[in-house]
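Chain IDs A, B, C, D and E follow the sequence of writing; residue 1 opens each chain.
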Amino acid sequence: MISVSERDYITKGVDRSVRADGRARLDFRDLNLETGMITQASGSCRVTLEGGTDVLVGVKVEVGSIEPDAEAAADADDIDDDGGARTAGGGGPGTDDTTGSSGGGTHARNRGRISCTVACSPSATRVFDPRDVESMCNEYSQLLNRVLNSAHGGVDLAALCIVPGSTCWVLNVDALVLDYGGGLLDAIFAATRGALHNTRIPRATVEQTDGRVEFEIEDEETEIVAGWEDVPLTVSMSKIGYRHIVDPTPLEELCSSARLTVAVNRRGNLCALQKGGEGGIEPSLLAEMVQTAKQLGQTLLSRHDTLLAAEARRIAKGVDPTGFR
Amino acid sequence: MSDRKRVTGPEKSVAPLLETGSVPAFIFNPDRRHDGRDVNHLRPVFMKSGVVRQANGSAYLEAGKLKVACAVYGPRQNQRTKISATKGSLGCDFKFSPFSGGRRRSYMKDEQEREYSLVLEQALSPAVRLDLIPKSTVDIFVQVLESDGSAACLAAAITCASLALADAGIEMLDAVAACSAGYFESTVCLDPTGEEEAHEGGSLVLSYMPSLNEVTHVIQSGETSTATTVKALELCVDACSQIHAVMQQSLIANV
Amino acid sequence: MSARIRSDQRKLPSEMRPFYCSSALLSRSDGSVRFKSGDSSVLCSVFGPMEVKIRDEKLDKATVEVVFKAAAGNSTTKERLYERVIRETLEASILTALHPRSAIRITLQVLTDDGGILSTALNAATLALVDAGIALRSLPAGVTCMIDQEGVLLLDPTILELEAARSTHMFVFDNISDGALSNISTGSFSMDEYTSCYDTCFSAVAAVQQLFRSSVEGKVRREHGPEADA
Amino acid sequence: MAPAAAAAAPTPAGNGTSVSAMAVDGDVAAAASQGFSLDPDTFQKIHPAEFHRRFLSQGVRADGRPLQKFRKAKISLGPVSTANGSAMVRLGDTTIICGVKAEVAEPKPAAPRSGFIVPNLDLPPLCSPNYRPGPPSELAQTVSEYMDQVIKSCDLVNPETLCIEPGHAVWVLYVDIVCLNHGGNVVDAAMIALAAALKHTRLPQATYYETESTVRVTDTFTIPLSVKRTLVPVTFGVFDAAVVIADPTAEEEAHLSTTLTYVLDAENGEAAYGVLKSGGSAVPRDMLVACWDDARKRAVDVVAALAEAEQAGNRRPDVAAV
Amino acid sequence: MDQDDIEMEIDGEDSLDIHVVTPGEVVTRDSAFMRGHGTYTEDETLVASLAGVVDRVNKLISIKPLRTRYNGEIGDVVVGRITEVAQKRWKVDMNARQDGVLLLSSVNLPGGVQRRKNESDELQMRTFFAEGDMLSAEVQAFFQDGAASLHTRSIKYGKLRNGSLVTVPSALIKRTKSHFVTLPCGVDVILGLNGYIWVAKHVPISPEQANQPDALYHNDNEPIADQEREIIARVSNTILALAKHNNFINDTMIVYAYEAGSSHRVKDILKPDISQEIVQTARAQFQEAQQH
């Protein structure tokens, strides 16, 4: 909840580019990141923001079967549904179709998939109506699924295939929001990218013996997730008054009439665009926000890569993570 | 777990696979698409309001093969107790009929339907004068009878729901029109069909209030450059204005 | 009729299986009855009039709830159809206006199913309502019959017989109306066959009604002692 | 007197106007003398049962139909091109759309050649304010179940004709019936839609490949289903345990003492595949027989509507009109 | 630590050390002590029921928990947010176990202190305080159920404007002479003992302005210059930096820390190393001042 005068104070501050915590409109808070603190997971990453937001992402790699429906759906004459599957993502049959079925759906048969869920720990969100939390988690899960499972999500899905047409790796990406202090979606993407960087997949060797395909999994030898560096980060912009800001605090989120989330990859391309919130945005402002987000995204990505490199060095040195201490 | 509240068939069934090579290769021609349009054209759209008798407002929309029905009930007493007293709320429910797509859909709401319900709410809320109906809710039910492109379906649902809201006499700042676009490399293709959708590199759905010149919702997937996205936004804004005109006509026709 | 012997040693197509009932079996419920027709048997318990959920509350009459549980397995739409038929049948017989804003809950548990389970359950429910002392306008009773592939009408068929049915019919009559309260017929049948099923069931129900009567008399005698006879 | 009567008389839409104006004359006189009258809409809201009773006592109904008149069944085939078969049926305001989707499943070991037909009626919250999102209502569940029992027991489609490869693969036909507008008597509309959609259903040519244990199909739907019979459901409502009305509307349904549904054979009205009467007021034997006779006449009309739809469908394969 | 050790130290007359106990730990077996808050007795022994510091006043032993929700005392100045407008009362979130209650009869209404309340006031309660509004108030009494009853019947209490809220653990706020301070940098700070701190532009109110009918409850902020916004933000961040390092908060501490951080940009104050440096400098300065 927020009072009228607080709203006015924040809105005018945003207009003047002096926010309540001293940041300018397009300043981010410091992002802290640590990887590999969950030993049972194939990969993990925790991202905290100054001011409370705390997100933990675990990646669990498991062997799954390529659903025969994937092909059917991708092939099915002229009808959408595979398009549906693209957005449905998570575990649903027909993981992907964007590269299409012109090749008789062979693509869909040679791919792994990523299944994402976002959950909120009750402590993080006790101020909200549980239903709002549920729909927010659903919205974010959907966006993660849609981005990561698309052809441009970064992760090389074809590399996750073990036996074409039957077996593949499934990356279960589970994001848990431990605390909420605004700017959640961007933090979830940052933690997801970090966790994928940290993920190690066991090596699978495929053998063919008299027509039967068998594969063996060696837990000792592992591989990194191919294409993690192409996973995009999101820049969420909140429209307050007639201006927009990044990385809002909870009170600023309450003052925001609309949110535009833009996923940007290191090639500087947009991978997703999604508006949230209850207000409208003029088309010209929308275009401007897209441009801004692209530039900010590039900066964020290079900063993120630096943090991950530092983490990689720490792990290489064998220094234990701080974890939850 | 099987659904005990419906007549059930065998435990598991799958859509059959097509014979290999039975589908002709898809070729995208920006000037002449499979249904004869070029990339800057929408499918001809038909709308009619007032189709569900017992609803407070309703509408039916047809664009090519795509068919969507929507009914609006309310404003009625809010079921949720803990809701801000000063504003009303929209309850949106988006459902694909089991037979509406390539693969049979379950009656249970899947992730996509839940997401689309949320998008529907987000796209319509900026237009509805919720401040005038405190403590009440307006329930919007959208049923897709036949789908031909999921992005196009979402856009059609938003347009159709907006028409139904107008039919229900619910005060709005402006009617919301929505349209979809697909990306083929750097080409932006308006209102892609299901077949095109299966081959596109990404898509965008834009909801727009023409009179107020405000975008109420936008959602995009797939990788594009900013220039392409901006182009798509412009194209969709124009297309939404066209759809808006059809909405007005159909409302006037029903008066 | 030929000396055809039915699947369970009954001699005649129009012969019913022996049926019994025993009441006041369960101490927790307000009324309970086990009704047995051949090898089909159903246990029914009645609770009420009692507190009703606000959602189901009716201002001018009692809410009748029926729960039907099959002998094994989870409830499906089949049980739901049975529940609806039993509820709608009994709602018309119970004097619901006597108990506004309250609930009467009827729970039916199939113990063994050997055909005609819906009519057996309905009979159990009627008697359990009587046992619970709930005011009734009349006593509905149900009977099932079938027509086999040769067109022979068999009354009160067993499961084995039902497998060869061309059509099956369940009728409910009570002791005051001159018509059917409920009827479910499926299969393939002609109008003549339908009317003869109606007639056969109508007269068969009289026998069930007779049992109802003696059961009620027995109950009264037990509870009130010899003065009830006076 | 006359102006007061006009104000108080519920005016039916059709040919019953004069009759119904008379129907309430007596009361109107009484009401007018007290200087009190109600307009028809208000009267219907306050005393809905009485509102209908007055009409029926004069042999006419609120929507202008005579007691025994059915609403015309409007049928169109193939409105949904994504389905293997589909039909849309309208009875007055009631609109129902039925789509058949074919999928492949393993048969049960006990019946290795038998396919499945799975009918379900969906009454979504869209169609009426009485339904809320969530599990299907009791009506939807029980009608679905009854339809399932009827089509199984009358052997509408021989399940063995749905066999692709004995013991390995059979067709499952999901018959999903969605109500878009609940204007009363959804049972009739649903079953007509089911019968029409099944007749309209075409399956692709399917081949079972043993090596990969999959079924592959051609991309065109060509093979019609062998539907043995045409079912025609006919529903009557009984008002105050005595007045029989055909094909009740949603407003009438709320005040009926019982309903009576026959499922007749379209070709031979002597034969039936089902009767459903669940509780409520008793229906005497002669009423049952009389209604059956009326139902036969209705069956003829429905069959004609079906035939008309088939012809229209042959001319234009995907007719779509709501 | 061995149980006996604790007992020994507590029994020892001049023990000034801080003792931390955890629930279930025996505090003392000496039956001469009285059971206070956060303890219970079992078989003549005094056992801790909270994790915290042992606090002894003569014979009374209580445990001060390390972290807890705010426990009000009569006379406390608190800052709160209206959560609900109810019958003749407002519910106020004040970081306590229960929402505080502000009765309609405990507020000053426009039109002078002496004005009688009437029914129309009940109907327009939202024009005084609406959901979300911030206010400062004093704890006046406690209800039977433990909820605090607040009042704003003083010119210094009432609706808060022209600034923003900072939240810190309530234990860090020290009780001082005045919780309303105007810092040398020209910013007003209200240190609510419940851990809510209001930082706002200093707006002097002349008596005649205060008598304007809508002076008490209007929602309009004064114009605030960018410079002033930055100072408010700086003070807010300084307070958060102090809280981050578990330092107590009072006006002098804020002033010291404010000065210590003056060379840094506002948005950098909360960076881990900078905040640590600021707090350390401020602490040193504070201790120095204490010694003089």
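Assume contacts are C-beta pairs under 8 Å (C-beta built on N, C-alpha and C of every residue); 3 or more make two chains touch, one makes a residue touch a chain.
Only a predicted model underlies this, so the values are computations on that prediction, with no experimental measurement involved.
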| item | value |
| --- | --- |
| Chain occupying the most central position, where position means C-alpha average | B |
| Interface with more contacting C-beta pairs, comparing A-B to A-E | A-B |
| From chain C, the most remote chain by mean C-alpha position | E |
| Approximate Å spacing (C-alpha centroids) for the pair chain A, chain E | 39 |
| Whole-Å gap separating chain C and chain D, where each centre is the average of the chain's CA atoms | 29 |
| Distance from chain D to chain A - Cα centre to Cα centre, in angstrom | 48 |
| Multi-partner residues of chain E (each touching 2 or more other chains) | 131 |
| For chain D, residues contacting two or more additional chains | 82, 141, 144-145, 148, 214, 219 |
| Per-residue multi-chain contacts in chain A, two or more chains | 68, 77, 79 |
| Chain B residues within the chain A interface of the complex | 14-18, 20-21, 23, 25-26, 80, 82-83, 96, 101-103, 110-112, 114-115, 118, 122, 125-127, 147-151, 153, 193-195, 197-202, 204, 208-209, 212-226, 229-230, 233-234, 237 |
| Touching residues (chain side chain C, partner chain D) in the complex | 76-78, 80-81, 83-85, 87-92, 165, 167-169, 173-174, 177-191, 194-195, 198-199, 202 |
| Chain D - residues contacting chain B, complex | 79-83, 86, 93, 95, 97, 99-108, 116-120, 122, 124-129, 133, 135-136, 141, 144-145, 147-148, 172, 174, 176, 178, 180-183, 204, 206-207, 214-219, 250, 318, 320, 322 |
| Chain D residues within the chain C interface of the complex | 138, 141-142, 144-146, 148-150, 153-155, 265, 270-285, 287-289, 292 |
| List of chain B residues in touch with chain C within their complex | 4-8 |
